[in-house]
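Chains: A, B, C and D, in written order; residue numbering restarts at 1 for each.
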Amino acid sequence: MATAGGTPAAAGDNLKRLTDLYRMMVRIRTFEETALEAYKAGEIPGPLHVSFGQEAIPSGVCASLRTDDRLTSNHRGHGHALAKGADAATMYLELYGREGGYCRGKGGSMHIADFSVGMLGANGVVAGGLPIAVGAAQGLKLLKSDAIVVCMFGDGATNRGPYLEALNWAAIYTLPVLFVCEDNGVAAHTETRTVTAGEGPAARANAIGVPAVTIDGNDALAVEETAARLVAEIRAGRGPRMIHAKTYRWCGHTATDAAAWRDPKQVEAAKTRCPIARLKAVLIERGVAAASLDDISSAARDEMQTGRAGAHAAPWPGMASAFEDVQDAGAVHG
Amino acid sequence: MATAGGTPAAAGDNLKRLTDLYRMMVRIRTFEETALEAYKAGEIPGPLHVSFGQEAIPSGVCASLRTDDRLTSNHRGHGHALAKGADAATMYLELYGREGGYCRGKGGSMHIADFSVGMLGANGVVAGGLPIAVGAAQGLKLLKSDAIVVCMFGDGATNRGPYLEALNWAAIYTLPVLFVCEDNGVAAHTETRTVTAGEGPAARANAIGVPAVTIDGNDALAVEETAARLVAEIRAGRGPRMIHAKTYRWCGHTATDAAAWRDPKQVEAAKTRCPIARLKAVLIERGVAAASLDDISSAARDEMQTGRAGAHAAPWPGMASAFEDVQDAGAVHG
Amino acid sequence: MVETTLVEAGRLAVLQEMRRDPRVWVLGEDVGRGGLWGQYRGMLEEFGPERIVSTPIAESTIMGAGLGAALVGTRPIIEMRMFDFVMCAMDELVNQIAKVRYMFGGQAKPAVVVRMPHGMWRNSAAQHSQMLEAWFAHLPGVVVVAPSNAEDEAGLLVSAIRSDDPVLFFDPKDLWLAPGAIADGEIAPIPFGKARHARQGDALTIVTWSAIVPNVLAAADQLTSEGIKVDVLDLRTIWPWDQDAVAASLARTKRLLVVHEAVEVGGFGAEVIASMIDRLGPSAIKVAKRLGAPRIPVPFAPPLENEVRISPAKIVAAAKAAMA
Amino acid sequence: MVETTLVEAGRLAVLQEMRRDPRVWVLGEDVGRGGLWGQYRGMLEEFGPERIVSTPIAESTIMGAGLGAALVGTRPIIEMRMFDFVMCAMDELVNQIAKVRYMFGGQAKPAVVVRMPHGMWRNSAAQHSQMLEAWFAHLPGVVVVAPSNAEDEAGLLVSAIRSDDPVLFFDPKDLWLAPGAIADGEIAPIPFGKARHARQGDALTIVTWSAIVPNVLAAADQLTSEGIKVDVLDLRTIWPWDQDAVAASLARTKRLLVVHEAVEVGGFGAEVIASMIDRLGPSAIKVAKRLGAPRIPVPFAPPLENEVRISPAKIVAAAKAAMA
């Protein structure tokens, strides 16, 4: 399919909306910068996957969603959760494994969920969210809800079987699903192009029966505009759609991965396409005062520092909770 | 991709080859008619899947194969095995579960294999053969063999994850695999078009990176010609190819399934497109004597009746064999 | 009582619950045509294609979609056709369904029933005959149900559909057509974790479940005719399982025999024995034996398959050996 | 002896066998970059991309392709990255790899090694911490290996690569960096089914394997310092397993404690106990206990995860209870 170019004008002149979009990207970036600092300080246990450079995608996509719309995520889901409306401080509590975290400390970074805002969970299994997303959409349809489901996944997931199965499923039952492939060109330590044949995720989706569009995932306005259009089509009952958003991840796979095999020049080049900087330039060009953008940054810093500090100081979950939330019948006790 | 029309002339004037093709189809048909009779007589236990109407596909495909080429099959594999060179009498022994059968009576119809002719086995799991096929091709490549692998599967298999994974795999490693989709329009009791979105198996294959062609699978000459061309390309190291062969299965899913939901008219119409009758007409038009074609039929009947009778009279496997062929280390004994 | 078969008893249970609760629905291959064994016969007509959903052959997504639909508040019955094909959906079952509630700190309610007809069935060979129910007792987060007769099929299915837990429901496919009876009127739920005391006796405790139960009962009746009265406990659910009933029986008999169709090595029989030894102490038990299949795949040829099957004669022999 | 880590011992074993036999090759995600833990470091350079094959994220096909390649005579090492992801490839493992030889009457030789780093690892939570080795003892057709130290990792890996059976090789991922030593020169194969007699004593038999072994040894040493000498058998392989060694030890100690990291319910500990009770009779054994994880998914938060882990202190306590 053709690449949809998003021009600032086409995205509408709603400066508030653009500013909100900018704020969300800044919050995601700052959330993860802060988390990474905490990780390096030894405060956060377990694996941590950050998404520097990819912030435009969840921010742009979720701008068109309602709270009762659902979202399934993957292992790199902080941005997805924040954009869907999750609370940063409660996320930090979970990253730290503390009482009051989204999963009561039982999930950690890779399993953040906030059902109250429709965030149905990150997932530790690549492509694990795809079948869940289409089923959620099928359930919503059965319940006669007009809520939709967004399914976020990486380019690596498009080589796993569920990519075929779930897209076909959504198409045959005309389900309200927006598939979003965040294509950062890499899956763990392997460049995805070396293990992906054919014309890529969008071509596959189109052939399977899900209309797909490839866009510049670092252009927040293009993402926002495309998502707005597709979400409207989906909500109108026209069936699933897909966005294939090209981007680049500045960092390694996990917080401990230096991605030393990568040419540093590639990373530097990618940073010049920073989605946050790009939208900032647009906003300034449109007359938004630099100071008010700085305010956004410092508010984000405050929010995240407070969240981090709160989590660091929070108590561990009580031992009894290890035995809770397993199952009702046949539950065991500590 | 375009539909490749096979014209009799294009298939070459080699009457012997056409007659061999005809003979193979007749043998497959007669093998299964005889098996079905035996099944109805209560002689054959377990599930039995026959393929009346689909005989042109294995016959046409395997005409271009060498004995050291490999083939993976599915649950409906009698034709695949015969066309690859398996012996009918030994197949009957297996269908009957007798000593001397291909699997020593341990597999039955759904697991026939003859490694001595490169037939790597039928499979009771839909799409189960696809990952095995690409691995076999990868192994052959590693061994510097120029043998190729044919992977046979039904239209139902193209909705399972391994279809995506295995085709992508074959393409990225440029493996010598010919994928063959026998599209009879139905998967068990469900019409495949009702559960398959998009443009179908060939479109999916092309998008994944495996060049595919859709042909009339009831035209033995078209199958043979297409396979010959693609096998040559594959053997030349050009990577995987796919044939999407459209056909129709006259019978129900298993020997006990009447497929009562089907409009009998549809079945009658399909029978007018019988691949055997069509090739027979071509042969007669080309001057082959009707009597020599009758000889082929009666030879096939003799072969199959002999096979059936031999199997029926053969001894059961010895009880000890139940405990053999499990594993070397940690084997248990009866 | 109404005379019926096991498959029909299950159908009536689903029918009752689908009429009761509009959030209950079914997804699986061919369910719109009644399912492979008629478990869903006539339901498409009554409930329509949005609640009786015939799916592609896509087990991963059948399982995973069921979970997703549960997460938004529906109550799916996931029909897997044959247990063996569950192997194509293990990530969705093991990593997702069994864990979401826990991983998400209680936010998720994976109220799915996974129906998995299992066991040997008419010479279907190694890929269509497996019984691996023991695996799931070892898997936190799921309930494991394995009925042996029409009444339990119906009552346990009602409980499964109403349960907020993911319930793995092992239909004994070799017994689909076994005649049985269910109570008139509404099918009452049967609680998980309560064994059925199928035969009474003081000589030996036989613990069993699923498709092999009729053979155990035949063996018990033969033993009775020889003057040996055995206690037979049909566990019906293997997680949770009725440890109290087994312990109480053992307190009387001091002799334990666990009979299951599955492979003996690593089967749930080992768990029953280890638990009872732990609970009562070895000195309180005179003998504790298992009878299960040898550790071989299920062969196709009828005489070989019979070698793997646990016949009444084998059970009688094992019982007598346990009495020696 | 050469000082090394467990991960490096495994790497050296693969290196040795790949140099010895050109049919041996490796497939899995990121193996060309050395594997997630450096198990294959430097191998792409030596053997090239046809023998060190970095694959897409496609577990079904990684597993199934390994089988296909074995069927034409190569000897693949299938690297699954983490055991949990094997759930995406269970059809290929359970229905295909474990059964082809049998189903095809001996024609197939599924000589694959499936490497599956398993167990808890640095707060990785429920989807990256599972130990389900017990499942595979229950699955006919496979060998199940679960080493606990560098020497066994190397020697058992050599055996696995040379074996014509499919070998499920559970690398203990929490011990990758545990220091150890292997013999100088060629790494000799260690036979399957032979336990390592890790500590000698007459007070109690502790049977164990995999990642928990260091904790068991720490506990044994503490018990020794308190005057209680226990026998510790590290099974190393759980199918086949060294029943003779356990029975011989039990004949002396009369007391059995099985310790594993996996969930206690339905774990392989139950099999060990049920087998020994069967073999020796309940009266020959004074006590038979298990110590495993509670039946809950593995939680993320460090204190909760510790609650699931089997610490040396818990082992000491269980051993003392078994002596009471």
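Note that in this section a contact is a pair of C-beta atoms (placed from the backbone, for glycine too) under 8 Å apart; a residue touches a chain by one contact, two chains touch by 3 or more.
Computed from a predicted model, the values in this text were never measured in an experiment.
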{"item": "Chain pair showing more contacts of the two, A-D and A-C", "value": "A-C"}
{"item": "Longest centre-to-centre distance from chain B, chain (CA-based)", "value": "A"}
{"item": "Distance from the mean Cα position of chain D to that of chain A, given in whole angstrom", "value": "36"}
{"item": "Centre distance in Å when chain B and chain D are each reduced to the mean of their C-alpha atoms", "value": "40"}
{"item": "Length of the line joining the C-alpha centres of chain A and chain B, rounded to whole Å", "value": "45"}
{"item": "Junction residues of chain D, two or more chains touched", "value": "55-56, 58, 60, 84-85, 87-88, 91, 95, 102-103, 125-127, 140-141, 239, 265, 295-297, 299"}
{"item": "Chain B, residues touching no fewer than two other chains", "value": "103, 105-107, 111, 123-125, 159-162, 165, 168, 172, 194-196, 326"}
{"item": "Residues on chain B engaged by chain A in the complex (per definition of touch)", "value": "159-165, 167-168, 171-172, 194-199, 203-204, 206-210"}
{"item": "Chain B contact footprint on chain C (complex, rising order)", "value": "29-30, 32-33, 36, 54-60, 84-85, 87-88, 122-128, 294-297, 299-304, 307-308"}
{"item": "Chain C to chain A touching residues, read off their complex", "value": "23, 25, 27, 50-51, 53, 55-56, 58, 60-61, 63-74, 76, 91-92, 95-96, 100-108, 140-143, 163-166, 192-193, 239-240"}
{"item": "Complex interface listing, chain A residues touching chain D", "value": "45-47, 97-98, 103, 105-108, 110-111, 123-127, 156-157, 159-161, 187-190, 194-196, 261, 316-317, 319, 321-323, 326, 332, 334"}
{"item": "Sites on chain C touched by chain D in the complex", "value": "84-85, 87-88, 90-91, 93-95, 98-99, 102-103, 125-127, 130, 132, 134-135, 137-141, 239, 262-263, 265-271, 273-275, 277-278, 281-283, 285-290, 295-297, 299"}
